[in-house]
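Dropping the structure in here first, questions after.
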Amino acid sequence: MNIHEYQAKEILRAQGVPIPPGEVATTPEQAEAIAKKFGTTVVVKAQVHAGGRGKAGGVKLARTPAEARDIAGKILGMQIKGLTVLRVLVTPAEEIASEAYVGVILDRASKAPVFMVSPAGGIDIEEVAAKTPEKIRRLRVDTRYGLQTYQAMELGFFLYADLKQARAAASIMQKLYAAFMASGASLAEINPLVVTPKGEVVALDAKMVIDDNELDRRPAIAALRDESAEAPSEVEARNASLTFIKLDGNVGCVVNGAGLAMATMDLVKYYGGDPANFLDIGGSSNPDKVVAALRIITADQNVKAILFNIFGGITRTDDVANGIVTATRANPLKVPIVIRLTGTNEDIAVKILKENGFSASADMDEAVKQAVALAKGGKAA
Amino acid sequence: MSIFADNSTTVIVQGITGRDGSFHTRQMIEYGTRVVGGVTPGKGGQKFENTVPIFNTMRDAVAATGANTSVIYVPPMYAADAIMEAADAGIKFIVAITEGVPVLDMTRVAPFVHEKGARLLGANCPGIISPGQSKVGIIPGRICTPGNVGVVSRSGTLTYEVVYQLTRAGLGQSTCVGIGGDPINGTNFIDCLAAFEKDPNTSAVAMMGEIGGTDEQQAADFVKHHMTKPVVGFIAGQTAPPGRRMGHAGAIISGSAGTAAEKIAAFEAAGIGVARRPVDFVDLIRARLK
Amino acid sequence: MNIHEYQAKEILRAQGVPIPPGEVATTPEQAEAIAKKFGTTVVVKAQVHAGGRGKAGGVKLARTPAEARDIAGKILGMQIKGLTVLRVLVTPAEEIASEAYVGVILDRASKAPVFMVSPAGGIDIEEVAAKTPEKIRRLRVDTRYGLQTYQAMELGFFLYADLKQARAAASIMQKLYAAFMASGASLAEINPLVVTPKGEVVALDAKMVIDDNELDRRPAIAALRDESAEAPSEVEARNASLTFIKLDGNVGCVVNGAGLAMATMDLVKYYGGDPANFLDIGGSSNPDKVVAALRIITADQNVKAILFNIFGGITRTDDVANGIVTATRANPLKVPIVIRLTGTNEDIAVKILKENGFSASADMDEAVKQAVALAKGGKAA
Amino acid sequence: MSIFADNSTTVIVQGITGRDGSFHTRQMIEYGTRVVGGVTPGKGGQKFENTVPIFNTMRDAVAATGANTSVIYVPPMYAADAIMEAADAGIKFIVAITEGVPVLDMTRVAPFVHEKGARLLGANCPGIISPGQSKVGIIPGRICTPGNVGVVSRSGTLTYEVVYQLTRAGLGQSTCVGIGGDPINGTNFIDCLAAFEKDPNTSAVAMMGEIGGTDEQQAADFVKHHMTKPVVGFIAGQTAPPGRRMGHAGAIISGSAGTAAEKIAAFEAAGIGVARRPVDFVDLIRARLK
């Protein structure tokens, strides 16, 4: 789960990371009032779950409250990578002597959280990694022991030669690690971590991504979810316990299991088609999930054909068949549908479908070919 | 022969009285798996379906039954504890079916299991089946048939699809292992490939990978340098967009890393036969078994 | 460091351990007021750093506030194992269906905290261990992982067959472990842990011992020290950074190093004497410590001779000599002194002592023999 | 020969610019110990007394010097971190002099050091000296002389006392090891006894124990079953009252366990010569060396 910069900053502040104050505005007038309160040049920053906000024009300096209002007016409502900006963070502008990068990610290869730090901050860390890898230091943290002081100091000295600044950075990293663990994060980064002209080390931006699997035991973190910042179809899918990702093609796919769902999309492409989505109905089939899946897929105007690919194991194929019948009875389909199913209760499923005017195939390849052809305006074979 | 599970496998079901646990316990027993006990706290002393003894703790269960394997169907927030309990009680092969285990939990579970000298399969995996011998987990028994193809996969239903096609084509399996789709898991491709290489009853291996991480690349390197048996591979997620988690917690392209293209290239460089479609496994394996 | 029952209960309560309410009284009238407030039969419990309070008459039931006052009047001021009772805890009496023991100690052989639990609670656990060891279950906790839920449940089921009670006990043990770790304890125990007639599991008594080495980083715990509950000579010694333990003999010993100090006491005994104390002036010698050591030892009326045994390593023997001279100049000794010193700056030390009328030996055995003889009223050899 | 420290020992001093660290660094250098570096955060790049390079971190120090040993003089609250830093940087022998390290810290330090394949001596110990070769710690060099008696002790000054008497009697030492007086430490009696048993230059061992714990009893058992060389032992604290901590955090009789009497009985049962007084070591060892 992504959270906004201002939310990540609140979490880090609670752990004691030094971060300049900031307040969130949803209207230009609020932004003006906040800027007036700070009484200094401010930065107005789009709060949206996308990188590259700066390049997209979502981060601007405002020298006066009036300017803050004007800029907020332009940023609010802006689209960044397909997402609408509904909130801006207004925060005093800081003078910057140097910028560094500090991040911790849950690294699958290391089976552990791994710190990445670089004195070349303020820019995309992947770019630094590609062009000047010697400017990045990585450090694996064994969660049985936690981040030790000596490790944080090693990283601190990699960023700063000055003992006071190295210590300040080390302390910030220990707090960042504490926040990472306490939030069930998979990523937490500060970019840039800056040294001010006075020599103080402060965090100017923060990003955190939470492991979805942690949310059940962290209600306070789960409450940070901002559904207005997500695509409505994905919110609906999640609420129906489906995994759905919208794509640009025209073959709507309903599959059980993530691997098979990807393989189905790939096969659509292989046969010259374009998948409209990834959609995994998961292991336990119940007709309601199928109904929700069809509702989400048919809402996409691009979809020209629908493909079901169900391999029944735990999933009962008769549940899926019943779901298809229920959903299409309530809302008759406007596009053709191809149904492939095999496995648990296959005979019952085929019978249900036939009785309701659907045909079903047991062969994945054939079904995919058919769906691709139908989406192109051809006929089912 | 087979890998990790065979006729000597004796199983404790952790969460045996739960919805999934009870269903799959019946399925396993029906398949012929030696389910010797189950654990549900507070139900110690009772019996599951009048036959399988239930215990309060894994320590009690292992002490009473001498089981060497466990399979876990407890809810995600309790799965890490259940895995550690099994390892601490002396279980040497732990199959965690549970989906949705927090990844940070696994950063502690992995070294714990290692310290105890146990092997963990999963979490978030369909388990393992050595056709005709033992099934531990949820892979449907009827789609499998004994034979000499080893199958290892990060996916559940995609595995079923491939196994189903192999079986229909008369290509039986020595063991089918689902390693699971989580970013940190107990057993990886290389563990399975090494075991298949050693297993005298395995003549070829079918490997189903997916986008995300570098496990397949490392597996390819292992195949190149340490395997004599033929391997055929497939990568799911060629059409997946970067930065989106494709259902499995581990199936995500980070930046430009973990793409299907780079994995397929690694397979090709290692001399692994590349199945472009699931159905291609049949011909590619048949050709290599001749 | 020992803390009182009421302090340990506060720590455990903060972690969520269910403990009946209780308040501390320093006068009989306070005890009466507290009993009146609870409006039920209460227990009045001496707060003192000694075991066996019950047997010593320091724990009594009071059915009425007036009785609470009378009982508190008897307990306050009472001596238990040489310590004066200055506070009582007044707490409602609970009905008890069963009593168990739950404790965690820092076990040197296991190099880890080890839980000990027994369904035979309410009595001395060492007695249970000796007579019915099968009634005790031990469980080592790896601090890298902490106490896992399954471990707490194993212990819970050892105490109670009932799932609800086993779960309640497991939860209490997890909280006890959290308190143990957060306080830097070397021992934390609940004895008895009781089941009430309603089936609830609650802690009726609590004991914690804190590792002295943890106090520097835990000021809130360090503040729990009750110097009025300790022997004044030991408080004075601690404040002078000396380790001092009073014994019943008549040879006062001043030694550098704990092992040598014990060996010196043993040698006093070997030659037929009785050491009056253990006193370690520690590694870094400064004359002030020697002055404080002499003040503490000479305050003991039993002391008939004083023995210095100093092996100079880090300790400079001239510092010790100067300390002796300074201390005895201010307060001339009333008992004979035998000084053994060797090692760092021995020549200077001997010179200083001679100039001030003291003699010194380099041989430990000879010095001990002399001191023993002098304490018996004999002469220095 | 000797154990744990010899001519090949190269030392980094952790806390080299502190009060104790700088004093003992001078002493060690004077004795001939190869002190190749020191660590004080923020003083990296400077030199100690114009000769010994100082580094900000142990990682830097080990990378630059290749040292195999470190000695720690940092304050107690930082000692655990310093030990872990040394082990993580690749140091194989870590001598922690610091007194007052919280015991719970040691419960995490011990497995960490073990995982890194290092040996820890201490904490709260006087260190080690192999006379004529290397001194790491604070044992006064002048009281020692090379020879073939191994010395191992839980105490500091008591060790000096015994070594001093041995030296005066012409009984030189192969190595003197102070394992320290804390309840949880890195190296115990058995580790040292096993090493002395293997060391061709050690002919007999003097062992000084004290009340508290069961280390001496286990050591006695080890001597009985695994040692061919003669051992003479002493237990300090025969007059100590139960339940009181006698200076050393580990020197405490708990209930009726850990008394001097039970330890002396264990020594006698194992055939260990028992010194009743420190001075007795001389005659007892001399008799056994004949």
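Order of writing sets the chain letters: A, B, C and D. Residues in each chain are counted from 1.
The rule is short, and it goes like this: contacts are C-beta pairs under 8 Å (C-beta built on N, C-alpha and C of every residue); 3 or more make two chains touch, one makes a residue touch a chain.
For clarity, every value in this text was computed on a predicted model and none was experimentally measured.
J.: Taking the mean of the C-alpha atoms as each chain's centre, how many Å separate subunit A from subunit D?
T.: That gives a centre separation of 55 Å.
J.: Per the centroid of Cα atoms for each chain, what is the distance between subunit B and subunit D, given in Å?
T.: Averaging C-alpha atoms per chain gives centres 49 Å apart.
J.: Approximately how many whole Å separate the CA-defined centres of subunit A and subunit B?
T.: Distance between chain centres, rounded to whole Å: 28 Å.
J.: Mind pulling the subunit D residues that touch 2 or more other chains?
T.: 108
J.: Counting only residues that touch at least two other chains, what does the list for subunit A look like?
T.: In subunit A, the residues touching two or more other chains are 144-145.
J.: If every chain is a node and each touching pair gets an edge, what shape is that graph: line, ring, star, complete or other?
T.: other
J.: By the touch definition up top, name every chain pair that qualifies.
T.: A-B, A-C, A-D, B-C, C-D
J.: For subunit C, which residues count as touching subunit A in their complex?
T.: 144-145
J.: Provide the residue numbers of subunit B that touch subunit A in the complex, in ascending order.
T.: 20, 76-77, 99-104, 106-108, 110-111, 126, 138-140, 143, 153-161, 164, 181, 183-184, 208, 210-214, 234, 236-241, 244, 246-251, 255, 260, 276-279
J.: Hey, which residues of subunit B end up touching subunit C in the complex?
T.: Listed in rising order, the residues of subunit B that touch subunit C are 41-42, 44, 56-59, 78, 81-82, 84-85, 88, 108, 112.
J.: If you look only at subunit C, which of its residues touch subunit D in the complex?
T.: Checking each residue of subunit C against subunit D gives 106, 108-109, 111-113, 126, 142-144, 181, 184, 186, 211-214, 216-217, 243, 245, 247, 255-263, 265-270, 275, 278, 280, 283, 311-315, 342-344, 364-365.
J.: Can you check the complex and tell me which residues of subunit C touch subunit B?
T.: 145, 148-151, 153-154, 157, 163, 166-167
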